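Inspection log for the structure reproduced underneath, given as structure tokens.
Order as written gives the chain letters A, B, C, D and E; numbering starts at 1 within each chain.
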Amino acid sequence: MADAETTAKTKKKADRTGFEPHIIGFLCNWCTYAGADLAGTSRIGYPTNIKAVRVPCSGRVDAMYVINALKNGADGVLVSGCHPGDCHYNQGNYYARRRFMILREIFSAMGINPERLQMSWCSAAEGAKWAQIVAQVTEKIRELGPFEGI
Amino acid sequence: MEQLIQEAKKLLEENKVDVVIGYRSSPLPPFTRPAFIRRPEDCEQLVFNCGSVYNLTRYLIGLGEKPAIVVKGCEQRGLVVLEQENMLPRDSYLLIGVGCSGQVDERKLREGGFDRLPEQLSDELMADKCLYCDQHNTPDADIFVGDEVESVEPRTERYAGLDEFFAQDYEELYHHWTEVFSRCIRCYACRNICPLCYCEQCISYVNMPQWLPRSVADNNNYLFHMRRVLCMAGRCIDCGECERACPVDIPLRTLYKRIAQKIEGFFYGYRAGNNREQLPPLQDFNKDDSADFIL
Amino acid sequence: MKWEIKTEDIHTSFRDEVEELSGESFGACYQCGKCSAGCPIAFAMDHGPTKIMRFCQLGMEDEVINSDTPWLCASCQACTTRCPREIDIAEVMDALRIIAKRRGIKPRTDPDIALFAEIFLSNLRWFGRIYELGLVGEFNLLSGRFFKDFGKAPAMFLKRKLALLPSNPFKWGKVREIFKKCEKMKEGEGRE
Amino acid sequence: MARIGVFVCWCGSNIAGTVDVKKVAEEVSKLPYVVYSTDYKYMCSDPGQNMIKEAIKEHRLTGVVVSACSPRMHEVTFRRTVQEEGVNPYMMEMANIREHCSWVHDDMEEATEKAIELVRMAVAKAVELEPMEKIEVPVTKRALVIGGGIAGIQAALDIADGGVEVILVEKSPSIGGKMSQLDETFPTLDCSQCILTPKMVDAAQHPNIKIYSYAELEELDGFIGNFQARIRQKARSVDMELCNGCGDCWNKCPQKKIPSEFEAGMSDRAAIYVPFPQAIPNTPVIDRENCIYFQSGKCGVCAKICPTGAISYDQSDEFITEEVGAVVVATGYDLFNTDVIGEYGYGEIPDVISGLQFERLSSASGPTEGKIVRPSDGKKPEEVAFICCVGSRDDKYGRPYCSRICCMYTAKHAILLHHKSHGSQAYVFYIDVRAGGKGYEEFLRRATEEEGAIYMRGRVSRLYRDNGKVVVKGADTLSGAQIELHCDMVVLANGITASPGAEELARKLSISYDEYGFYSEAHPKLRPVETNTAGIYLAGCCQAPKDIPDSVSQASAAASKVLALFSGDFLTREPNIAEVNPFTCTGCFTCREVCPYDAIDEEEVTVHIDGKKVTRTIARVNLGKCQGCGICCAVCRSNAINLKGTKDLQIFRQIKAFTGSEKEKSDEPVGSKK
Amino acid sequence: MKYSYYPGCSMHSTAAEFESSFRFVAGVLGMELTEVEDWFCCGATPAHITDPLLGLALPTQNLLQARPTGLDVATTCAACYNRLKTANRVALEKPKKREALAQILGEEYKGEIPVRHILDIFVNDVGVDNIQRNVLFPLNGLRVASYYGCLLTRPPEVADFDDVENPVTMDKIVEALGGVALEWPFKTECCGASFSLSRSDIVGRLAGEIMRYAKQAGAECIAVACPLCQSNLDLRQKEASEYEGVEFNMPILYITQLMAVAYGGGGKDVGLGKAIVNAESVVHRVFGHRGSERVER
């Protein structure tokens, strides 16, 4: 956690060479988006690579969004919702979990590293966790390198 | 065969159905052609043999007539899926069950250099799906004609060879599939013949937003087929029609089966078409589903 | 009994050891007392099973392994059956006996209890089936009660209740093999 | 053609300190459709908002992007702003460059770059935004209350007092519920019947309350504001209009050996009966299963003797449909069935009785007229043991939860024993005494200090008979002693379980319930009386075990929710719900399977396919039920269902805008890693 | 009805009469028994309190030896029943232990062989009707306290054929034989058999209470279905009487002995003379004085 933060803060763009991944994040309105807001209010720093799209529920995220994000130049995608049992709509995150479990398998089978699709649970109270997730996902995708598929 | 003809006749004579959908012989035996029989006297044309390869259930949706249909054991699973998806109530057709001990694979026949079938359909010429078949006799049939096939031991595992094939690394797999899909001419035969592709408007035609670019350039075929894999996830019954219909020999079943294999592993042994009461995996969830991949 | 418990007393490995061996978790016990209430042998024990569970929760090793309670447990499972937290208390007692043995501690009030189990097992090891005259005889000899139950033996012989010779011979090699392998496994664990 | 204005907020130095707001405004002005862009210190201030209004006028803006803080903070503010200038409020989109950008990054260059991307995404979405109108659903201002116990009565009275009609449905022959069976209530020892019966009468006489007793909810259709409740009025076999409640029938009924439910089996009733003298309505019912006439066709004594000819054997169940706008569920609880605890021998040892049976023994209106005697021989019990947590805090019997009332009613029983049976000794076996309510701890102290109850900390292991006594095998964990008492009577403090049929009712209402059958509130802390189904509220023990004051409080809370809902003629809801494209919907109803709110209805449409007219059944979204989660959209294979405000096209545009422009390639080629 | 039969050590020595009467009764009821090949001791309580793994390995190996027949394993002794059932449960539910056992025994056992106590078989396979149909000499209202002991029904997850606190299978059999099954509270209280040799003081008290309650209920004899219960209650009756201060003289009989009596078994089959406390009174109640010759001298 501390490492991730320092990485984010010390590695100014000017000092960095190499690849900066583009990551798109689909965040559920009730938990993760609010958690990301909390990270902001608490001034917990993290890398700039992820840009968030606000959706009502992780269950709203169509598998095609992920595929199209990759198609259109994203290097990785993060879907983040409420913890199991906490979904504002009771069960959306459970459906999402199954959907992306399968999508990752489809990726594997078709030769796309499934790690390009990440999923997390992050509640509205977990600002610090959000920062950690961003750092972690950014690092993972950075290691995978740019996506030049589809 | 005689029983099939007699039963079909009876159905039409008694006006129980408007049409009997089955197979009739073709100029290229043992292959057959689909037959739509509406008059009792035409029933003599009906045949069933190892060349009755078509999955006739494709014709049922939007038929507008009350049909009786000849369905092989493996294809009946598709009817279960269609019933689950509210496309085809069970009482909208009469199911004529048959015993099938395997269907010939046109491609194997061709590649093997045979101009006609040997007396006994050997395993070498049999369609892959028949080699692991565990449903030789149509279940849930309203009328069963002919003899039941005694249980035949499956020759191969249901998912034989998949683990080995997919052990390749991502790069190899990616190159394999881009190359394979570069052959695709987007004739949509795979989609059109699939008994489970019944959308009013296929997403590949939608252009606001354009989910799937229509040109064959830019790896768009790969995208199209990825979407098809997604559509088939948890639904494909491996009737093999897509692969049979493909003019450029794309091994589509490999992908569909791989996902079916994963789904069976993840979701408590789920197999599409096994049980109408069991919700398809992507319309269902279990609080204890694996969460290993979640950060 | 210990009257003072300090931080370092609580953080011992004892609780873990018992939990590991018994497979039961002491966190589950809320000290309702039902085990002590229904224990048929509680009258003879120095601490009721509930207390033993409490001692384990607090890591009070000395109190537990020097207590008679585990040795006096008759394994009747009344406690296990009725426990509202579904803890297998009888299993905990078994574990405590084994741990006491590891430490070389014998039951304080009555060492014979442990002796009986030992003789029983050696009988089993050598004869495969329990040769009951041997068991009674050996037990009395070793426990120093030469004439205990002496009066009963003739009656039992007469009624052919006690067999004079070990039961019919059979392939008992397997039994010894099991004993040996179990011992080996235990040693293996000990080294880890 | 969309004309978008972009307004970049400094938020003082909050944003401007890290993000080059000028540059952001300048960069985004180059985007297609953006006709105006500017920056300002505090966009949310009056001058800031006026700036937006002015720009709308001046530049004929069709859509607005405010690039500022989190939409969770000011979305409502800016929506109002644009609305005031005549632009549809849903044509405003926010880019979150504070919480998601300036506050979490400190490199200005990077933060500015990210801010530009965020605004670019917002603009892309704004281009595709559509005007939306809030949904107005008409409200039927009538309420249904299910369950006529104290919670149901209280909710009904409060709603009725608010001027709203209430339908009160009770499944037993009389309202009153469990509270009517109690003797005195803790911690004040006031008589339960004395405080309850006036409320029952109030409910019966209230002009706004219609009571269906001996009736059950059969089916509930519709949605918030517009429910149709189908109620089954079970056949009473007695004409309520004609009956004057004289009592001749139950006095003369030859079948009198039926254990009385009201007396907890401590005495018998006739086959035609009112459950208790103060019952409301005071009209008997015939218990057909035990009636000689219904079982053998012979008898008919009650019909012969009835002076008003009210007996009607050929009555059958009737169904009534009531239109209501809200539902309060107050179906109460049941006592834990102690039969299953073999070691306590309840049902086999006559002097082992339940807590409710003790209430009836102690009640002045009970079978013994308040004399506490033991059931086996009618003698005064000298030694009485009370056992707490019977069927509570017990994983073995699947009841790990605390029933919340037993500690206190047991203390009350000990006190009542001391009052009514002089010289009798109460022993209370407990694990922990939970006395968290107002005056509860003091009440407990009273039991031990003034009323002589002996408390022993230990769960009893077994009860068995020995020469006319009941042996209690217990323990006192505080002293470590095993305890064996020879008692005359043992009272089990049964815990609370969900009422029988709770799950079935939940399915009818489509509300959720926990593993024990208690109904789930919408939020455990902040929405404790709502359910997940809009318009359905909870009161009393059907939600979780609670005592009378808590049940009454929750009932009043539920009533106030209902009254608030009925305060307008329409229910206004946010418009971001799902909608079906009738041309592309295939009718597979995958959406219905995944909808958590049962908000997908069926609709028949006729379309032309290949020149043929085809009638198809497709999905339609129920405006009242849909909550806008969008799960349906993600599972629709033909993407025929879409979520307003988060449409596929809008998201797709955001995806494109994020990556579509100058995708940065790394300086070194990394190879085509997959 | 075919079963594998696991007698257990006692059946060949102290409980010889249990064995003989059971085999007789099984014959009458048409049960075919095949003794588990080369069975050996299940380890009873001493094994599992010394080394839990040993306590599982012994019964599991026995079950492995019973496996080839594919039949349910019938056992008479409550301790054996408990150990074998526990082995089954572990094999089914605890994969780690199952592996460890496979390592020791060289063969994996997956808990596939059902283990049944003969009471379970009598009531659920043979059926009370069948038990009644074969009665030649009804027990004539003999008042029997059925004593199940602790291991026959506990823990309920392991021993699952009867109610854990108030078992009734033996009572049903007694009623079917024409006896009177007594309602009494100590059906499942521990008799302390594991201290039979080492702590006769404890046993005296436990057995004494059991006998006191049986006597109080009006029992003429106690019926048991476990060799340990029988020998303990029978052997320690002196200590029990001393503890309670009453001379009990309570015959302790196996349920199969009562069945054998009712089915007209010969003296050798019934084995009434084997008990230390004279059971003649029971025979008199059933046959009057004609029955004396049935008691084996």
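Following the convention adopted for this analysis, a contact is a pair of C-beta atoms (placed from the backbone, for glycine too) under 8 Å apart; a residue touches a chain by one contact, two chains touch by 3 or more.
Model, not experiment: these values are computed from the prediction.
> Using the contact definition given at the top, which chains are in touch with both subunit D and subunit E?
Joint contacts, listed by label: C.
> Cut subunit D out of the contact graph: what components remain?
Leaving out subunit D in thought, the network of contacts falls apart into A, B | C, E.
> By CA centroid distance, what chain is farthest from subunit C?
Checked the centroid distances; the maximum from subunit C is B.
> Closest chain to the protein CA centroid?
That would be D.
> Rounded to a whole Å, what is the gap between the Cα centroids of subunit C and subunit E?
Each chain's C-alpha centroid was found; their separation is 23 Å.
> Measuring from the mean C-alpha position of subunit C to the mean C-alpha position of subunit D, what distance in angstrom results?
Once rounded, the distance between the two centres reads 52 Å.
> Nearest whole angstrom, what separates the Cα centre of subunit A from the Cα centre of subunit C?
From the centre of subunit A to the centre of subunit C is 56 Å.
> How many Å are there between the centre of subunit B and the centre of subunit C, using C-alpha atoms for each centre?
So the centroids are 64 Å from each other.
> Two or more other chains touching the same residue: where does that happen in subunit B?
Answer for subunit B, listing residues that touch two or more other chains: 170-171, 174, 203, 211, 282-284.
> Counting only residues that touch at least two other chains, what does the list for subunit D look like?
Only 343, 462, 594, 635, 639, 648, 652, 672-674 qualify.
> Do you know which subunit E residues sit against two or more other chains?
164
> Which chains touch, pair by pair?
Taking the chains two at a time, the touching pairs are A-B, A-D, B-D, C-D, C-E, D-E.
> For subunit D, which residues are in contact with subunit C within the complex?
It is residues 343, 389, 393-397, 431, 457-462, 473-477, 480-483 of subunit D that touch subunit C.
> Under the touch definition given earlier, write down the residues of subunit B that touch subunit A in their complex.
Going through subunit B, the ones touching subunit A are 166, 170-178, 203, 211, 219, 222-223, 226-227, 229-230, 233-234, 255, 258-259, 262-263, 266-267, 281-287, 289-291, 293-295.
> Inside the complex, what are the residues of subunit A that reach subunit D?
8-9, 12-14, 17-20, 22, 24, 29, 33-34, 36-37, 39-41, 43-46, 48, 51-57, 59-65, 68-69, 72-74, 88-92, 95-96, 99, 111-113, 131, 144-149
> For a test of understanding, state which residues of subunit D touch subunit A in their complex under the given definition.
The touching residues are 70-73, 96, 98-101, 103-107, 109-111, 113-114, 117-118, 121, 512, 532, 576, 594, 596, 627-631, 633-635, 639, 643, 646, 648, 651-652, 654-656, 658-660, 663-668, 670-674.
> So in the complex, the part of subunit D that touches subunit E is made up of which residues?
Per the touch definition, subunit D meets subunit E at residues 341-343, 345, 348, 462, 464-467, 471.
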